[in-house]
Structures are given as structure tokens and as C-alpha cells.
Amino acid sequence: MKIDSPYTFRIELVIRWKELDALNHVNNAQYFSYLEEARIQYLNTLKLDYSITKENEGPILAHVSCNFLSPVLYPDTLSIGSGVTRMGRSSFDIDHDIFSHQQNKIVANAHSVVVMLDYQTGKSIPINDEMKQRIGLLFSKSKK
Amino acid sequence: MKIDSPYTFRIELVIRWKELDALNHVNNAQYFSYLEEARIQYLNTLKLDYSITKENEGPILAHVSCNFLSPVLYPDTLSIGSGVTRMGRSSFDIDHDIFSHQQNKIVANAHSVVVMLDYQTGKSIPINDEMKQRIGLLFSKSKK
Amino acid sequence: MKIDSPYTFRIELVIRWKELDALNHVNNAQYFSYLEEARIQYLNTLKLDYSITKENEGPILAHVSCNFLSPVLYPDTLSIGSGVTRMGRSSFDIDHDIFSHQQNKIVANAHSVVVMLDYQTGKSIPINDEMKQRIGLLFSKSKK
Amino acid sequence: MKIDSPYTFRIELVIRWKELDALNHVNNAQYFSYLEEARIQYLNTLKLDYSITKENEGPILAHVSCNFLSPVLYPDTLSIGSGVTRMGRSSFDIDHDIFSHQQNKIVANAHSVVVMLDYQTGKSIPINDEMKQRIGLLFSKSKK
């Protein structure tokens, strides 16, 4: 399947009937679970998985937004692209698009901001050099 | 409980243990279900509930974003404020904040764009006068 | 509201629109989240909350079943009754009913088996005397 | 992968991180969504999909139970087997097992009762001959 997307890292998700809502299409809030799954697997490729990090510091999701372009029906399989699109001092951005196999087009795109946090103080901290290098690697590879 | 918020329309939600994730706080995607509940009840006050509208046209969620300010733990009760903050020709904005009773502070704020849609063509249509009046009523009442 | 139920311990849950499925009533799987919420709060009253227990042993859910008597629509508030109905050597049963305020009747009842487990070995262990006393207390109080 | 199971009809599900709970394993209630997905696809093979049936009568889930044999961790892929194990006058049973690819064993089994319902009266009705034939087909094929 040809997906017209700038992202080289992609995961596939088979949607579940439960994820529909009473309007008979995938519930808006559910997209953020799909994006989370994509983000975890993406960060995982560089051992940045925030679901695993149990140390005193780690990345947390500070912001996420999604544009809903076309409703998703059941059944369908989605391909979700992910790419780092900005790296700052203590935060970086990950952008996504969601491609529907049934509709053969992008049905949503999303933007998220991940902040490196000191879990004790709850304050953001500079991304350390090792992480910077890893994220930089994602950055350079995120676009085809 | 004194809630420092600009929104006069508020709903209360008691969080469920299931809504935590493996990090032991309320999952990010779950916030969008809370916001949806707030939006439905808010629009419902003016008979604009998009979950019920079954005609050929109606409001759909085109965009939503959320800033996560502080993690929510279990148990907690949330108060979610909602207000129309912009009205355009075929769309309007609803902003929200989420207040934690346990933490006694705003733990997230959110922004959403609702578009009036012709369900047949999938295109946006102008908000008709009656709806404009209703939304305008929300608009004027949204801020204390 | 008069609830014709044998259980003295009850929690109230306000259902969410998200918990409907494409058939426009509360999804079957969702009932088990409601029951879980009831079970946690019930066990919590005797400091038996399995969501908190972090020691080497604790109660785990081994079996749960539910009879769906009448579909639940939105909006509604549910009252869930819980009671210990059997105590064995290493396990005990909790039964539930779910009462709909809208329908003014029991819409589901459920049965669950909780087993005391050694987390290291994954084997069931005898309920210790202190727990037995606490559960016995639930037992005796479970029926009006 | 060799799955020691009596069921010839199987679906595969890739679990999502969101489906874990605060105990770090797949939440108990989530199993019932997995089972629902299996049931829908199973019934769908004979055009009995209750999620689609919109006529005046159709199958509804009257009872479901699950035995939790071993917790499921993330990531994992599950194979869910389904088979009709009883056919009555107005109801039939579907049994399931859930096999974990990570653990290479059955981690849960389940039993459900589906009743043919007249949606207007809310009463059960005899399974008509065409359905009987279709369900009978499932019945005979359910065991290897």
C-alpha cells in the first residue's frame, strides 16, 4: 500500500469494534490511544519509551492535538506515522499522521510536545547529551 | 470548593480506577473522554448535542488539543469548565479547563473546534441563524 | 430511591457517553469496569484494595461473570451493590447487582471469585487470619 | 505457532499499552472487549454479526464469564479461539480461549450465552430455521 506521508517510522493498528462510539465511527478520544501506541513504539526504538522509564527523570507528554479529517469506520487498519519535528533545550515535538487502509488516505494528523521532567521536583530539565543524540537520530530520520 | 476559572458551565466527573494507566495516573487519552462528556453536556444545554443530532447536518469535532499541567491520581473528582470562545461562519471554538478536587488546582486546559457539517457532502456549511443565536447565548455566558 | 437489593454496600456511578457502543447502549465489556470500581471501593473499606496491595501476596480476580438483564442507555446513574457471599480457604466470592436509576430496576447481576495469591510463585495461598476476620466482617454485613 | 486449542476459528489481536492498568498487566475488563471482537468476527463469518443486525430481531449477549489463568503483559499478541458449544431453542453458547504468544499458553477461557431477541418486546424468540442452520454450521466446525 502506497502511503503519501513524510514519516518513515510507521506502525499498523487494527481497529476494534469497541473503539466505535454511538455515532458508529471511531471515537475521537480513541485516536489519542492510537497516537500513544505509536509514540511508545517510536520512542522505544531509541530506548526512550516513557512507559518503561522508572528513573528520577524521563519524558512526559505535555501537549497533544489532533485534526480529525475524515471519520474512521469499522473494520479498518490504520498506519500511523511518527517523526520528531523539533528539538529544544528541554522538550521536543513529535508529529503524526493517521492513514486509513479502507479510505486510502490520511484521516487525521497530530502534534505532540514531550518534555524531559525531573519527577521529584516536577520541573522540566535540559535534555542530556545522550538523549539529545538519540532524539537527533530520530529527527534526522523522521522525514523521507 | 472555590474554582478559579473563567467558565460558568461546569460538570463534575468522578474518575475511575480503570482510567489510570500503567504509570498509575489518569491516562492522557482519557482526558479527551472527559472533555467529550463536558462538551456533550454543554452543547446539550442548548439542544446542540452532537451525539443526538441525527438530521442531515450537525456539529462535528474537527480539532482538539490539551495541555497536561499536572498528573491526576486516583481517587479524585474533576470539575470541567466549558465555554464558547469564538464563533465563525461555519465553526466555533470551545475551550475547557479541568480542575482537580484533590489537588485544588487546574490540572489541564483544552481547546476544541466544532464545525457545522453537511453529512451527505462531508463539507462545512454556514451555521444557521437559529444555531447562531443559541451559540451566541453560550458565548455571552461562557465567561463569568 | 428505593433499591430492592440484598447488598448494603453500594456505590453510585454516573455513566459516560463514551461508554456506549455503536448499538447506542452501554457496552457489555464496560460493565466489568463498573464492577471493578465497585469491587475496589468495597475491598477498600476493609483495606483489602487489590489495586493498592504491593506486598508479596494479595487478592487477585480469578473469575467474573455477568448476566445482562436490560440494556443501559445514556444518560443514567447506576447503583452497584457488592457483598461477600462465600469464604473458602484461599478464595472468596463477591456478588454484585447493578441498578439503573433511569429504569428503576436491576439491569445486571454479577459473580466474581477472588483468590489470595503468592505473587512470587503464582500459587494460591490460605487466607491469613487477619484477612479472614476482615472478609468475615464483610460477609456478615453483606446482606441486609 | 502451535496452539493447543479445540477451536478452529481464531483471530489475532495485538494488545495496546493503554489496555494495561495500574497493576501493569492487561485489565480484567479489557478481556471482554477482546472476546467481543472475537465474537463479532466469528458471528460475522455466518452473517450473524449482532453489531450490524438492525432488524426487529437479532442476537444479544445475555451472559458472559471469564476465568483469568495468567496475567497478560505488554507487548503481546493474543489468539482468541471461538466455538458454538450448545444450541437451544432461543439461545446458543459460544466458548472461547485466549492464547498468549509471549507466554505460549492459554491465559484465559470464557463462556457466553447469546439469546435471539425480539427488540420490540424485549423477549427471547425461537431461533429461526435459517439461523439454526447457520449456527449449526458453526457448531459442527467449532471443534477440531
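Letters A, B, C and D mark the chains in the order given here, with residues in each chain numbered from 1 onward.
Note that a residue touches a chain if its C-beta (ideal position, glycine included) is under 8 Å from a C-beta of that chain, and two chains touch if they have at least 3 such contacts.
Treat the numbers as computed from the prediction; the structure is a model and nothing was measured.
K.L.:
Going by the touch criterion at the top, tell me which pair is linked by more C-beta contacts: B-C or C-D.
P.N.:
C-D
K.L.:
Can you name the chain that lies farthest from chain A, using the mean of each chain's Cα atoms as its centre?
P.N.:
The most remote chain is C.
K.L.:
Rotating chain A so that its CA atoms sit on those of chain B: what angle is that, to a multiple of 5 degrees?
P.N.:
The best-fit rotation has an angle of 180 degrees.
K.L.:
Determine the centre-to-centre distance between chain C and chain D, using the mean Cα coordinates as centres, and give it in whole Å.
P.N.:
Spacing between the chain centres: roughly 23 Å.
K.L.:
If you average the CA atoms of chain A and of chain C, how many Å lie between those two points?
P.N.:
One centre to the other, that is 35 Å.
K.L.:
Could you state the distance in Å from the CA-based centre of chain B to that of chain C?
P.N.:
31
K.L.:
Find every residue in chain D that makes contact with two or more other chains and list them.
P.N.:
Expected reply: 17-18, 22, 27, 29, 33, 36, 51, 74.
K.L.:
So in the complex, the part of chain A that touches chain B is made up of which residues?
P.N.:
22-23, 27-30, 32-33, 35-36, 51, 60-68, 70, 111, 122
K.L.:
What residues on chain D touch chain A, complex-wise?
P.N.:
Touching chain A: residues 13-14, 16-18, 33, 36-37, 40, 51, 74 of chain D.
K.L.:
Tell me, which parts of chain B touch chain D in their complex?
P.N.:
Against chain D, the touching part of chain B is residues 17-18, 20-22, 24, 27, 29, 74.
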